[in-house]
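Below you'll find the structure, written out as structure tokens, and then a few comments.
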Amino acid sequence: MNQRRKIFNDPVYGFVSVPHGLLLTLIDHPYFQRLRRIRQLGLSSYVYPGALHTRFHHALGALHLMQETINVLRSKGVEITDQESEGVCVAILLHDIGHGPFSHALEHALVDLHHEALSLMFMKALNKELNGQLDLAIAIFTNQYPKKFLYQLVSGQLDMDRMDYLNRDSFFTGVSEGVIGYDRIIIMLDVHNGELVVEEKGMYSIEKFLTARRLMYWQVYLHKTGVAAEQMLIHLLARARELALEGKELDAPRDLARFLYRRPDEHWPEEKLLKHYARLDDTDLTACVKYWCDAEDPLLSYLSTGLLDRRLFRLQWLNEPLDEQSRTGILDQIGAMLPHLTPDKLLYEGRESIQAYNEAKAPIRILFKNGEVKNLTECSDVQLFTQPVTKYFVCYPKISIH
Amino acid sequence: MNQRRKIFNDPVYGFVSVPHGLLLTLIDHPYFQRLRRIRQLGLSSYVYPGALHTRFHHALGALHLMQETINVLRSKGVEITDQESEGVCVAILLHDIGHGPFSHALEHALVDLHHEALSLMFMKALNKELNGQLDLAIAIFTNQYPKKFLYQLVSGQLDMDRMDYLNRDSFFTGVSEGVIGYDRIIIMLDVHNGELVVEEKGMYSIEKFLTARRLMYWQVYLHKTGVAAEQMLIHLLARARELALEGKELDAPRDLARFLYRRPDEHWPEEKLLKHYARLDDTDLTACVKYWCDAEDPLLSYLSTGLLDRRLFRLQWLNEPLDEQSRTGILDQIGAMLPHLTPDKLLYEGRESIQAYNEAKAPIRILFKNGEVKNLTECSDVQLFTQPVTKYFVCYPKISIH
Amino acid sequence: MNQRRKIFNDPVYGFVSVPHGLLLTLIDHPYFQRLRRIRQLGLSSYVYPGALHTRFHHALGALHLMQETINVLRSKGVEITDQESEGVCVAILLHDIGHGPFSHALEHALVDLHHEALSLMFMKALNKELNGQLDLAIAIFTNQYPKKFLYQLVSGQLDMDRMDYLNRDSFFTGVSEGVIGYDRIIIMLDVHNGELVVEEKGMYSIEKFLTARRLMYWQVYLHKTGVAAEQMLIHLLARARELALEGKELDAPRDLARFLYRRPDEHWPEEKLLKHYARLDDTDLTACVKYWCDAEDPLLSYLSTGLLDRRLFRLQWLNEPLDEQSRTGILDQIGAMLPHLTPDKLLYEGRESIQAYNEAKAPIRILFKNGEVKNLTECSDVQLFTQPVTKYFVCYPKISIH
Amino acid sequence: MNQRRKIFNDPVYGFVSVPHGLLLTLIDHPYFQRLRRIRQLGLSSYVYPGALHTRFHHALGALHLMQETINVLRSKGVEITDQESEGVCVAILLHDIGHGPFSHALEHALVDLHHEALSLMFMKALNKELNGQLDLAIAIFTNQYPKKFLYQLVSGQLDMDRMDYLNRDSFFTGVSEGVIGYDRIIIMLDVHNGELVVEEKGMYSIEKFLTARRLMYWQVYLHKTGVAAEQMLIHLLARARELALEGKELDAPRDLARFLYRRPDEHWPEEKLLKHYARLDDTDLTACVKYWCDAEDPLLSYLSTGLLDRRLFRLQWLNEPLDEQSRTGILDQIGAMLPHLTPDKLLYEGRESIQAYNEAKAPIRILFKNGEVKNLTECSDVQLFTQPVTKYFVCYPKISIH
């Protein structure tokens, strides 16, 4: 076996090496190269200036961990054929290929499809182009393949997606609290009755993994400044669409304009959707923000300038929705400060639920030395963040006192 | 002294903390925020996918090292007043503020000014806006200030610019060979007769620093794939400008279009230049590349598509310029492969000289325990890369065999 | 101020720099140099081969963090005089100077004094030798000094001792789950009404710190193999003392023999105790283990050989004490396997309680932006390990089946 | 293949995993466990307090790199059977098993054998005990095995020994200048005509490796304070032997005393030598130093106390041997300061030659894309430290001025 490999430098793992063949063909495809232009953490670089890493790099990293996991499992006697190995590697490589510019939230502003559905659409298109070479990967990705643990490695509580992104996001933000012992977790993985399990000795690492995940939510993914920026972008885009539907002319890159002026719906043939969608990336939105600083519409211009020059809104997390009185108070202040704008177009509310570990949906299973297997919550005596926590936010321009 | 500080996360140093006041005012200014959209390593992320870090982060990092250096020097009895400390910090913070999109090479395609001249132009504009608060910083930046070592910390063989970029580029590319012992070097700095010197004990670290610098040149800054991408971008832009001057209409962001359509002989007043230039960043060029994939001009569209989808030219470093015979051979092959394009528009030649340590220009001075000071080359018995090394490149489409 | 500093290399922090003067005098003292021969984690290197770091290095590290903390607090306007700064630095440097060889558990086998009392004894002796220069340090160490936060930095929930040892132990064991964001915690420290508080923004880091502390307990400090080795050493020493009191002659280094043959009691004058104790270190016990491999007493020789060649006992953690029936079963097996030894000399039982955060004793106080201060448990919605958890262990030779 | 593996934590590589079977049997053997008590860098921890890592950990690390290298070579089509893989792994694991306490220099003070000869002796003894299972490993270790590259991986310019120790020593000392891109070097290794070669793309990493090696020599291995401590220990031991041969009684651990009172010579049967030698480790010498602080002989006691309390001699590196006049001057000063000792017993001279890359002995071979292979010096344009550099040292007590 003389299998040449291409090497990608990765500050997180040192190297990611990819065998020549199907995997490299996919990486070289323009669909995948597009991920070089989509950041993993959207606007979080406003808070963590190092967090500029892309979904391209994340996908390579997840592939790397998958390759390591396959080695570990095989060394423990788990049978994984070369075809299955390639299939599960393709599945993890492409798991995010349908991701749109910036965050999930923004996705919905552009298309009425979940990014996983879009990823599947991309995979099918690639499969067609490559004469069915992705059949097995698609079966795994959609949980149609008999060996369930392969699916769990792609999409589960301990999948290679999470393992890489926690690790990578922690690395590039510099938030050391998010560091997980991914290598120890991987080394503790095994398969029992066709399902992924963790050896007993790995339990502390799993506890730590869940703690780190929860922490990354509040410290990074839902950091108030990052969410504020995202809210501004969402409302900026919503405003642009409003204007577009009113027939106003707006400067915008052609690729984005298509989605601005007419939202894809069931009448768009899949092929057309894919063709246009496959050209969208973060730079289209940044281009818009830059164009719209000079927009005639004062709201659009206000939001754009704020976003471009990082004059971001204030955001607060609350345990309950904003009460009426506070809302009125804030609106009054906004009105006083920005008399040329409509206050309620500048006050955004919403909520987020997080649950670091959803045992009901997909339990993490612990394998004991005596062969017994138990759900994690049955064995651990610490808080595992299995209950969803909901918080409410309110977001509006910083009130400056003159 | 109750000096509040703003903290920036930095995966390289953990934290960078900046005191409220002038420095933070500058960081918040749109001119400085623009640096968030200019990558430190231009197109190198095609080779090193993690190398997405920006000049914004680099400037903060250099500021951090400057703050550390000031502490070290003061603890050794070097007198640095609070005003001087702020001045030299401002100077390093803004040393690259005039940097244009992508690389230096590209700069020249847009404006006929060196980026240091542009940085000075920005500083002067900011100084005006801030009523002279930058006077001292400008004096240091232009080497007009009597305490010469302050200038050397901003622009010298061991300045904080180099110290940070070697470190940072090594970190984000994952090229561990570029790691330098910046903390040890800083701790060994001192001032002697008004000039920056390095204590004898730091000599190995300096040798290592120069070795690492040379290595980063060949492994990162002049990596053949990165230079190939840059060549494509330069020629793509040159072609666009040609078409623009011929009066062809090209899609382009407004900010960039101004520079594209501007006649070479057009004299813009400084104010106008600054206003427009201050809006340019990497995203404008990416937007163009995306637009021009569909350009009518086949050359422009060919180069754009190649760059977008990462089908990059092949580049070779040679010890001598390409000979006539080889050139003809390559042109013939290009002609055969791409009959619809003009071959000599697809063959790029050039050269680069590197010199890790230019002692003639500004020697590194070593301070011995006995008080003696010598130039580095007099004390070290290793190769210090003081001789410029020139290499020639040739760059053209990958010849595929059908 | 031209304050020369001595620099110590530290893989954890890069450098620790210590000003010439009292601190360096103390470091150079034989009492402090002795700590070079006492490992921070005792026998844990049987489990984590990298965990060979000493109390010497830990004390330097804690000093480093103290210096950083003082800078942070001063920059927030907390008044700390130069004398107080030196005092609190001396106190943290010497906080463990009375530590005996290996673990606390072993300490008691040699002397009837807690290591903190011994540390104080050392400090007083040094203070005498240095003409009262340690007065302030001793006042802080014994919580007699009015500025209570200084004591809290030496001995509290967030003292520099814990901060360094969690960090350092995590580093040298390679247990990445123990990584704490010490730099972020330090940057969030402040003083309010004379007490140490943590700014609201640092709360996640504190939660993470407590989680990491708990994890390090189970994964490192109470790792079953490490505790097993420690139990063997304790019982080996107890057996040696028994034999010594019976008048048997045992090879042992002179320094240790003094403690073996006659346990220090109230009748030993403090000076004598200190003189002899100050010569004890880990190597004395290793020397004994090596000597006693050849001891006539079969138990002593059995335990020594096992420890030297790393044939360690088996240890189990139980939620309840071992029941009678299991005990009998184990003793029978030991008897069958090792007929020449007394089984109940080979079965060790004990218990450990851990409590990552003892709020009752010393609460961590959170400072909110509005000036309010609350105990950590009032603000956090996660488990903070405030309840002591007790586990029982049983430890005996590995039963091999022939 | 269900191959269980034991996992060792390693802060350098994260984990080292070792398959159950021969390798683990060897690791568990008392001969190998002895390496836990022999430090890799001897007395260097007097300079770099973190440098306490042992030859045990180094051997595991080298094994880890060997396993990675085998995977890389196999993936490039190099045939390595499972037996050969185990053989070369055993050879690297045991390459230092004959190492004596502290440094090579000290070795000679105890036995008249080079540590490689001793390692071979140990291997043969183990081979006998294990019924010939080490035959292949011994053939590789002694370069008797036809596939020469296997020997080169154990003992060559780029062997796994060097690769690990540079890396590990750099890690534990904290000397970041010694960092090498070991993972990149390994990934670039290949075999050509039965010999180890490096792919062209790895050339910069090799240059960096040689630079780092040279730097580690001067900054760590030959650091003046570390060498001074070693000189003290060598002369202390020499003095003890003198006294021993004069019939003086000296306290010393039994294991060491055997070597002190009678130097092993040709008349010792190998078996006896091995038996006693296999009990020696660093702690025996530390025990001596502690005993001899109280020795009657003033020189022995002076040296011992100095070493124990870290009052180390001064050492200078000179380009030429010390001239007569300086020698006399120093001796006079010593005499004045220490009238009760013989000055010329306190002045030590010697020399060291280093050569980072001995191409004449074993060239590093570079494999070019076109299949050509050249010696490194033919391809590289930088200084490769192929010339031995000799320096002379002089070492004596610090002259204090009263």
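In this document, chain identifiers A, B, C and D correspond to the written order of the chains, with residue numbering beginning at 1 in each.
Keep in mind that, in the parts below, a contact is a pair of C-beta atoms (placed from the backbone, for glycine too) under 8 Å apart; a residue touches a chain by one contact, two chains touch by 3 or more.
Since the structure is predicted, the reported quantities are computational estimates derived from the model, not experimental observations.
Please find the path from chain B to chain C through touching chains that uses the fewest steps, and give that number.
Graph distance in the chain contact network comes out at 1.
Name whichever of A-C and A-B has more C-beta pairs touching across its two chains.
A-B
If I average the CA coordinates per chain, which chain comes out farthest from chain D?
A
Could you grab the centroid distance between chain A and chain C? Build each centroid from C-alpha atoms only and quote it in angstrom.
Taking the average C-alpha coordinate of chain A and of chain C, the gap between them is 43 Å.
Go ahead and note the Å separation of the Cα centroids belonging to chain A and chain B.
Going by mean C-alpha positions, chain A sits 32 Å from chain B.
Can you list the chain A residues in contact with two or more other chains?
Where chain A meets two or more other chains at a single residue, that happens at 14-15, 175-176, 184.
Enumerate the contact residues on chain D facing chain C in the complex.
These residues of chain D touch chain C: 8-12, 14-15, 28, 30, 33, 36-37, 45, 47-50, 52-54, 56-57, 60, 171-176, 251, 253-255, 279, 283-284, 286-287, 290-291, 308-310.
Per the contact definition, I'd like the list of chain B residues that touch chain D in the complex.
Listed in rising order, the residues of chain B that touch chain D are 175-177, 179-181, 184, 204-205, 207-208, 211-212, 214-215, 218-219, 381-383, 385, 389.
Enumerate the contact residues on chain A facing chain D in the complex.
Touch residues, chain A against chain D: 1-5, 7, 14-15, 17, 74-77, 183-184, 187.
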